[in-house]
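Note sheet for the following structure.
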Amino acid sequence: MVFKKNVEDLTVIRNLRLNQRHFLLELQSEQPFSLLLPGQFVQALVKDSPSTFLRRPFSIHSVDIPNKRFRLLIQIKGQGTRHLSLLKEGDKLNLIYPLGNSFSIPTTKDVLLVGGGCGVAPLLFLAQFLNQQKIRPVILLGFRSQEETFEIEEYSKYGTVFITTDDGTAGEKGLVVDHSLLQKEKLDFRKIYCCGPDAMMKSIARIARWHKIDCEVSLENTMACGFGVCLCCITPTDKGNERVCMEGPVFNTKRLKW
Amino acid sequence: MMRDLSVDIAGLTFRNPVTTASGTFGYGEEFLDFLDPGQLGAIFVKAVTAKNRDGNAYPRMAETTGGMLNSVGLQNKGVDHFCREIYPKVKKFDTYIIVNVSGSTVEEYVEVAEQINELEKVPAIELNISCPNVKLGGMAFGTVPAMATEVTAAVRKVYKKVLMVKLSPNVTHITDIAKAVVEGGADVITLINTLLGMAIDAERRRPVLSTITGGLSGPAIKPVALRMVWQVHKAVAVPVIGLGGIMNATDAIEFILAGASAIQVGTANFIDPQASIKIVEGIREYLERHKIASIKELVGALRTE
Amino acid sequence: MMRDLSVDIAGLTFRNPVTTASGTFGYGEEFLDFLDPGQLGAIFVKAVTAKNRDGNAYPRMAETTGGMLNSVGLQNKGVDHFCREIYPKVKKFDTYIIVNVSGSTVEEYVEVAEQINELEKVPAIELNISCPNVKLGGMAFGTVPAMATEVTAAVRKVYKKVLMVKLSPNVTHITDIAKAVVEGGADVITLINTLLGMAIDAERRRPVLSTITGGLSGPAIKPVALRMVWQVHKAVAVPVIGLGGIMNATDAIEFILAGASAIQVGTANFIDPQASIKIVEGIREYLERHKIASIKELVGALRTE
Amino acid sequence: MVFKKNVEDLTVIRNLRLNQRHFLLELQSEQPFSLLLPGQFVQALVKDSPSTFLRRPFSIHSVDIPNKRFRLLIQIKGQGTRHLSLLKEGDKLNLIYPLGNSFSIPTTKDVLLVGGGCGVAPLLFLAQFLNQQKIRPVILLGFRSQEETFEIEEYSKYGTVFITTDDGTAGEKGLVVDHSLLQKEKLDFRKIYCCGPDAMMKSIARIARWHKIDCEVSLENTMACGFGVCLCCITPTDKGNERVCMEGPVFNTKRLKW
């Protein structure tokens, strides 16, 4: 895949607060995108935040190619994300993008997407993309509570959505790995794409391995550059230490030392 | 009026004083989407060691106020791989390619330097003597003058081109180390490498880095770096290449005034991959504004009277 | 549940681990509008020397990324003035008053320590061995182990109460200096003092400070300070008081986890004169949140397995 | 004089742009002021400016004691002042105040106030204060150009105003020291208060000395704390190195080593 990485000031055209901890940034580019693929991410420059020295990585959440727009789904964690949550319509946000590899195109139609926390972010773009390949995935999303669920209708456009909440206020109670969908003796999926906290991804990977289902995960990692030069973001794979920002963020779990 | 940005570094003429620091610029290729290396004075590529090294375990990075800690640990595929796979690509760049040479023993430095000596398009190496000396139980070559002289002299014997030595700032008397490497035959001194630091996650009560301590870089260290460049520039006759927290052209000018004949852009590359070429532009504007014909006039031109 | 914030420092019981760094808290009086010194574990007052010192010429300060440089140069009115004019005022504070003792010769340190020894309400001194030794041509006591031992031992002979020694971070092996002062009789080690740095005004092509170089403090140096506290805590048996860039309670906890039995708030006092008492409050909340009964449990409790 | 220093979040109730480089901040306090005196200053915390680590000192420009308000007149110099210029109505600004000594109460009615650049800032408060003492001073203000003059009417309420501009577009052309008012063989003033760039204050001090007029200046200086503990802000006086933030910022020029 050949595409050019850009450093660009995008314009915030919407900052939608989804709930206390999550918001959506819709960004307008001036120039047509080079290829954008699901699983890829951006490195955002947080201005005027004294405790945020480095850029912050965020997955591309959904795209609107004709209008040269895409969205980020961001969870407020620390100072950097808090600053970004204050961006207003018309403000500029400097991004390096697109970065990283992408989820692979499946060779089957029996696809499951599993996301938890802000790990749901890349899955909407992935679902959009799968629809273009005539695939309607099953989408299993985990939230803390009813209050924290968001964009269910959005995901539902592209697949069949199931949810879990920690407190049972919506969908099944418990963690995504405990959802009844995954408890059957034989699972109906031939491919799982997963993104979320490490522990969750490891559990899903275990289930996938047990059922001999191919599984790809999008890893989080502390990054300094995001484009392959600092070697800070490595993960051990069958090829040694690989860079999550270049060889990843998406890895087939077969290749990881999990 | 045309402003002359070129500088002479031990016989090499850099088209401008702006270069990129080892370990922050990969092998240059990763930057081709962002800039044309031909606009830079030189590029210093990632450390090369004799054999493949996996580097340290994850996590390798911690953000700090105005800087970052890293504990990458010289991850690279070894000098053979460099010569075979990387060199054919980087030699096409229209700028000087300088290889950062690291090792754990004198023999390893010598071995790597000998092989790099054969690469026609590499006019210089930068000996990174901040690495632990495994034989002497982890003490760094760069902290004991006699050892600094020894490793420099050993490499000097086999390396026929421009020999740069990059110093560690974690020492009491930086000028002693600088004099020691000049005695060993260094043509150029680069400084500074990272300061040894540490970060702790108070909530988890754990060190952030897998290695507990790591190297501090970024604007936080600029005052220390400037001070050392100033001290070393006054203490030795060879040219100095300065770095440590340079983020913009003003920072670069400060290092040049303190005595650096050229500068390296390091951590800034992560925040703005185009920082280095913007610095070239900013230096040109500075010369314009101050009506200075050549950047060479500014080297060490700090007014202290 | 009540959380116990008290710590034992060589026989002194601080009501909490939060103290203020010498040179950043005046003689405490200037802070009376902002806080009650009785809420702090101790206060470390500005350096006292044998005779009046005017300090360095203006400018004495330069702002840097996440920090500042200073070249105040021990301005003070001398030990007699301290005993006569300052002591009667500060002795009324309901906290430990610890005097930072500086000098240019061993004799000067001894002279000041002897006089401070007579002050009933001063239970400890902090020897600041980052000062130049005038006899040896400006080399600092704090950078040569033998000299560090010598000055500590000489003071130890005349000073009968708790002897703290404050180390300079501008050394290759901080643990060597730490061991040297323990050998000389130090009861407590404080670290770190400022890193030697420099700032340049590129437009005027001049150093910002009248002294060209100065001492770097503030959050920029925190990673270096944490690393040294960690190293020294592991190397010596005496309690360590940690400082360097502490701005908030999280920073303070980090130092305590690294091995500090108490901490000092320095440059942060300038930005928020109430920083120290806010840190006391924040530490209490941390203990609450983590259900820890006593702060003593956290000293050096970094999990590195 | 005994007053208590506060650390307080004041509310910006107005941010008025006077011209390209100057703006006025009107600030509302919650609590009644302890004594505020002309010549005193505040230390302002600049939030969210990564290159502004320390607080920034500004003179109190004018006061409205009954309403618990005062104003700062600020010239945009670098990042810190640029950030402050973006403050909006309702924003909070954390100040330590009041700091420093003050201009002395004159024993004469023949008073001249001389200000240049942002050095005019404390003179409005001083003029207000003198009026309360039944003194109507002559006020001589220096600006770059007509465009950059501001608040002339405001000053005129409290005294007779003369101005100079560098380019002669308003008032007399030239520097304040060159104003015809100061060129007479014998000056009518018994007291001069002056604030502005160092060079200007030194020239005024020379003129004052020549005419044996008592002269007070408000010094600028790089400050780390602003309340007397760091000893960074010293100036040599007849009593040795004194702190500009405590023993000053106002000094009688007799006491300075000028």
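Per-chain residue numbering starts at 1, and chain names A, B, C and D are given in the order in which the chains are listed.
Keep this in mind: a residue touches a chain if its C-beta (ideal position, glycine included) is under 8 Å from a C-beta of that chain, and two chains touch if they have at least 3 such contacts.
Just so it is clear, the structure is predicted and the values come from calculations on it, not from any experiment.
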| item | value |
| --- | --- |
| Third chains touching both chain D and chain C | none |
| Length of the line joining the C-alpha centres of chain A and chain C, rounded to whole Å | 47 |
| Separation of mean Cα positions, chain D and chain A [Å, integer] | 55 |
| Centre-of-Cα separation between chain B and chain A, whole angstrom | 36 |
| Numbers and ranges of chain D residues touching at least 2 other chains | 50 |
| Overlap residues in chain B, where contacts from two or more other chains coincide | 62, 64-67, 218 |
| Category of the chain touch graph - line, ring, star, complete, other | ring |
| All pairs of touching chains, each written as two labels joined by a dash | A-B, A-D, B-C, C-D |
| Chain D - residues contacting chain C, complex | 4-7, 45, 50-55, 96, 221-236, 240-241, 246 |
| Residue ranges of chain A in contact with chain D within the complex | 48-50, 83 |
| Sites on chain C touched by chain B in the complex | 62, 64-67, 69, 143, 170-173, 195-200, 202, 204-207, 212-213, 216, 218-224, 226-227, 230, 245, 250, 253-254, 257-258, 286, 298, 301-304 |
| Residues of chain C touching chain D in the complex | 23-26, 30-31, 33-34, 46, 54-55, 58-68, 70, 72, 75, 218, 267, 269-274 |
